[in-house]
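This is the structure I want to talk about, given as structure tokens.
Order of writing sets the labels: A, B, C, D and E. Residues in every chain begin at 1.
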């Protein structure tokens, strides 16, 4: 219900202006993400970026995805990052390291490259001129039907994907006290 | 329900986000930032999918987004595990120090 | 999903089930040997399940998958490679410090991913298959996590793979935006009426090529190859070199065939330049390389270039050529890495070229097997590689692509040099009599050697009398 | 069937030698000797049968044929056939094969089994090349002979063996691949013309190809053959390979491998692309002449005995090219004689170089000298071989070179004159070689043994062959004649409007005509 | 008798084979028997066949015997056919007879040599080849003999192979003659394509009907053949090898480099005279070459101090006379001079060899002297030979042969006063250097003691040859001496008569002039080198004369010129190109590839950032391709 209300409000408030504002926030916070020296700051900007993106998803008529964006991306994945940053106590050192690193001399090349790519991409996208159309909300029901209808196998495969992730993470994350051969260290079970 | 947002604008936004992600990957030194930037890129791709899906009024775009999300999660988890490993081995997350293999 | 669907999907299901089963077995704390043996059994099972595929007409499991003869062929190759890698892995991991059990789970998952790629006819299954394969590989590459090289290779692969996946996804999104569907056939149909490609589609395809190109390790997306090959444990390297490439090539071929992309000259121009660059750069990079794994990595760049050459004409013969070459390449590369695996010691993989010095005098059989594999890679007659290369040349000349064929020849000649370098290293030096080494795992050693000898026999058989394989390849051809 | 037996015997013998070599060191030699001798005897009796039973002079060109499907999907068959040219070269192959086994009798002490395996497989490959009548099969054998040769040089060669082996392999392989392209080209052209996709030589013979395409395809074939031959400037692999290879390797390289190039041109380039071959004839002849002189000059400056001999091969093979592209019976017969006699004489020189190396442990001629005193037999033999190499009449090489020059004179006067000057250079290097090694003051302090009985037999057989070929070459000429005649017929039509007639030649003709005219005038006046 | 023809060359061939194969197992006695015996048998057989030939001239004027068809390709079917006509008979006689004498002489002369068997083997092979050369019925077989004698000459010049100078001389001889041979081979090609055959009688029969006189092609063919003759016969400009060829044993010089091989050119031209007649220009050239050579070599002979070199230059000079005669169309005169020259020059060489051996291998004439009494037999025979060489009138055979040539130089239709003057001057010089050699060697004070006296085996051949040097001239007497023309009658079966200019008389006057000149030369030499040697010392003090002396001594600087023009450039090119410039090209390709490899592997820096940049660049490139299309 609430979602519908929100979109409605947005509609009333001249949707395109709303979109542009959100887009600006997204871009701004993304730029901040890639320019901040402190990882935590960057991460927070990323959360902002993700949140504003979820607003755009709303505007595009995809409320289910918008929520997933907040819950999983901004919620779960970012938390993972924060967790690692905290775990490794990456703070000032990293910030200093990044600060020393991020000089115009360093970033000018990549920026030029990115700009070229951007220009090409923009040109190619705008050149396309897709026909005008109407945005329609595709609600969670439709998504769910499609997920558990035709794309059921996909969901199962996604499960295997996650399993691969889990097994891999478990193996790599597993701590061992020694790197010696396990036969030689029989008394210390791994 | 009509929405006057131009699809081009959305795609442009996705494109710019994507490029920002690329720029982030290239210019950052810390591997965590690189991963973050990759997430931005994936997000941009997701945005593009959602936009395309809504352009055709199909759920497929969103379905794809969900799968992207899955993949991102799996990838981030393995990636972070690797980052921990690297930190243990090198006491640093400087990607430029990982140059043992070359030539 | 009907019963038929189940039968059609039985290899995939078996692979999925196997991974879960192995997990359970690990939980039961079975020994490495038992897990290895059971996984071997499961691989064999999966392989034989292919024989029960309904072989009449393509079986579509809408909208994601299709099981046709070509898919069966590619799956066969993939599962076979998984099987061989599985056999070879035992000694390798038994000697290493790491607990090898999860390895088998990941192996099954990666094989599954590749099989999904081989059967996919939809962007979603493509993406999922690719990611299952990739995510599994992250962990496999970094499997010996205490070693710096493994971890370095892992993170490099991870960042790059995610990066390229983003490209792939963005490209897919653009195509989806243009065509309104993610299924190959519908995309093809929507393009059917168009004389030239719409720019959005082309852009999308270009970005997809970046992603696919990365996976195939073709120039200019090749730079990770050598580092990852070197860093990964040798069995995993052989897995990357075969399974992950094979699956991607299969889906690429299917995609191009279904959308009939061969009509569009910009696309072909892109592929052609990639192929040419790959053949030349790959071979040149390997020229004076000292590390055998890196040599094979660079050579794989070139070989993927050759495969693209075969693919470009898009004719019946080119599909046959791709299949044939893939088969030959799989067998050959498995043999080569198999030797490397066998020769690896507890501390080091046998990757320095110096460690092959006088191998012929120490282990004549292994040296001969390795020579056969290298000669096959170089495309010398009497080996499968030669017939494969011949097939490719035939396919490309049939369509009149003289230029590319010529570059292929140049590339092969440069390639000869480094293959010969390894071979002459093996024959150089006047080592003493072969000494009997005490093998810690005689049975598995024997089995490995037998498997490699069999593979060598295949290499020579297909090189001398390729009719059987040609017939086979033709039978399992992708229908246009 | 005899054809498959021949190849089968060699391959089987090779495997047997490899396997039994594990147990016994001297067994492989005997197996190899037995195998090659059996093959040789089979072949010689076949030859005698042919020349007696069937009238070899005018009969059917093809004496034996065997055909079996191999890769039907491509129209590839296992197709062997034998005509006079092939027969001669096969006999040569087995003859030199026996000598190769004999001359490595004591030289090879390591990995005897593998050595003889390689030796026999090289011979098998070469035999295959000489009788394969399917282009794919031909290419297959073409490559098959390379790998064992590579091993032979790379394992049992001398100091720089690896470099030499690489160079040899890469040169031949690169050019071979270009030939493969050309083979595929003609395959598809023939296929699309007729709908019959086949690699069968006989069916491809009549393929109509547009001149431009034909030119490029012919170049593809040519490059493989002239590298093997070798023609300057593609010769640079040869000195290294020859000088680093073990004696038997050098013998086979010089005696047989080089011949495959010439064989290829005669068998494939000329019949498949007669017009295109005609169009490059003068250039090829020019290169041949350059090769004659360039090789000779290089030979003169060498200090490494085997390198010197190797460069003489370059020089002699220049004659082959010159003769082939003269397109007439005289020259072509000369070419075939040159193939046979060069194989024998240069092979003998290499064997001798090997013997010297065994005795003196060096190939540097500056360290030799005055060996005649200690080894008069070897000195005399060397003298005879040097004389053969410089084309002394009465020895086989003279017949070959004279016929080639005589034939080439008809095609191109000035080039032939230049080529004839090559005879002077060949005298210079041959005599220089003899002077450095056998004459002059004695430089080797330790006493060296003259020929042993095994070596006498080896050398005697070679020398007798050379003298036989010099005094009565008719059997060889007769055997090759049907094939040569067929080849010549291809070019008869073109020779009437031959544009390559040289100025002098035309003046000769005009003079001739006018002199006859004036002669008849005088008769009338009388 | 023609069926026995093959035996003439067969004897020496068998001798060669036996000696070559079994030489080291045979005793010296048997070697001598086989070596000298085989040639002697040939000589006897030659007498028998020659007698039968002379007594009843066979039909067609020749014997011929076909042994087998050498080879048969298309129209080219040379046969191994022996062909004996009057011309060949003269040569065969000279070869076998003088050959046998020299072999017998060698039995003693070479007795101390360690390579006894090899010497006789080579000599036998030489005789065989030479016989083949003159008996060949076709040019290819002739070429076989031609090259064969070259080989034997090489082998025998370098007989004492330990000394590198000998080897050098041998190679020089072979290679320079090979130059001519090559031209001759080309000549054979031309002839083959003109006549479709290489059979000599056929060619001679066809030539006049195929070519008109003065035809370019005839000139070309004749020139090429002439080049072959020049090389073999050591005529200008290829004469330089012969003086060096004296490095071989004296019997070799006598047989090969005086009597037989070097006159092969004369034989060739005489044999192919029809072709030369068809090209008057070439005939002029032949005469010119002969004239020039005889002078040049004569002056050089005047300055030598090595006795064998004097004889060598004199040989060149005398062959110059023969060429002159050939050029004049005086075919029989040339052949006559050949035969006489063979006798006296073989005699001189053998005698010189005996002297040298007697003086323990002393070659320098200025260190000889006073041998007149010590070695009487040698002295007298040498004197006879010298008289013949100097053409001492009436009593020496040389007078008759040379006088004929002098006369034809004036009187023949091709003759001219210049040629005559040159020939006369040549006669003067000949007399001078002969006398010089004579007086230096046999008169004056003994400077070296005699260490070795020649035995009977050596002196008997000398005496026989001396006999012939004295009396052989009587078979052909000048017009005013009774016109006894046994020799030219015989040869006119084969060779045409010399055409004289109309209205030429006064042969006697010319003979007297020649007589005067000869005595003048003898007197001059007698004064300078015997009576008043201080005069020559005085002359030597003048710088221009001294440099002229050196110039002559070095054989008119030909060697030096060739060294600079041909030898050095070729050796230089060969040496700088020792490592094959073409190979550098391929090395260049290799190096370029390796550099490319370095460049590319530089991109494999191991830096993840760089890899990503690579990926991005790839993407940019791909999108750019699309933008462009």
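In the analysis below, contacts are C-beta pairs under 8 Å (C-beta built on N, C-alpha and C of every residue); 3 or more make two chains touch, one makes a residue touch a chain.
Worth saying up front: this structure is predicted, and the values here are computed from it rather than measured.
Chains touching both chain A and chain E: B, C. Of all the chains, the one whose CA centre sits at the greatest distance from that of chain C is E. Here the chain at the heart of the structure, going by C-alpha means, is D. Two chain pairs, C-D and D-E, are compared here, and D-E has more C-beta pairs in contact (counted per touch definition above).
Farthest chain from chain B, judged by C-alpha centroids: E.
Averaged C-alpha coordinates put the centre of chain A at 31 Å from the centre of chain C.
Computed centre separation for the pair chain B/chain E is 96 angstrom, with centres defined by C-alpha atoms. With centres defined as mean CA coordinates, chain E is found 78 Å away from chain C. Remark: chain A and chain B have CA centroids separated by 6 Å (rounded to whole angstrom).
Shared interface positions of chain C, i.e. residues touching 2 or more other chains, are given as 124, 128, 131, 135, 138-139, 142, 145, 154-156, 159, 163, 174, 177, 199, 202-203, 226-227, 289. Residues of chain D in contact with two or more other chains: none.
The residues of chain B that reach two or more other chains are 7, 11, 18, 21-22, 25-26, 34-35, 46, 51, 53, 55, 58, 60-61, 63, 67, 71, 74-75, 78, 82-83, 85, 95, 98, 100-103, listed in rising order. Touching pairs of chains, sorted by label, consist of A-B, A-C, A-E, B-C, B-E, C-D, C-E, D-E. The part of chain B that touches chain C in the complex is made up of residues 7, 11, 14, 18, 21-22, 25, 31, 34-35, 38, 41-42, 44-46, 48-49, 51-53, 55-56, 58, 60-61, 63-64, 67-68, 71, 74-75, 78-79, 82-83, 85-86, 89-90, 95, 98, 100-103.
Residue ranges of chain C in contact with chain B, taken from their complex: 123-124, 127-128, 131, 135, 138-139, 142, 145, 148-149, 151-156, 158-159, 162-163, 165-166, 169-170, 172-174, 176-177, 180-182, 226-227, 230-231, 289, 291, 294. Only residues 593-594, 596-597, 600-601, 603-604, 606, 608, 610-612, 614-615, 617-619, 621-623, 625-626, 629 of chain E touch chain C when the two sit together in their complex. Partner chain A is touched in their complex by these residues of chain E: 613, 616-617, 619-620, 623-624, 626-627. Note for the complex: chain C touches chain D at residues 375, 380-382, 386, 390, 393-394, 397-398, 402, 405-406, 409, 412-413, 416-417, 420-421, 423-424, 427-428, 430, 465-467, 470-471, 474.
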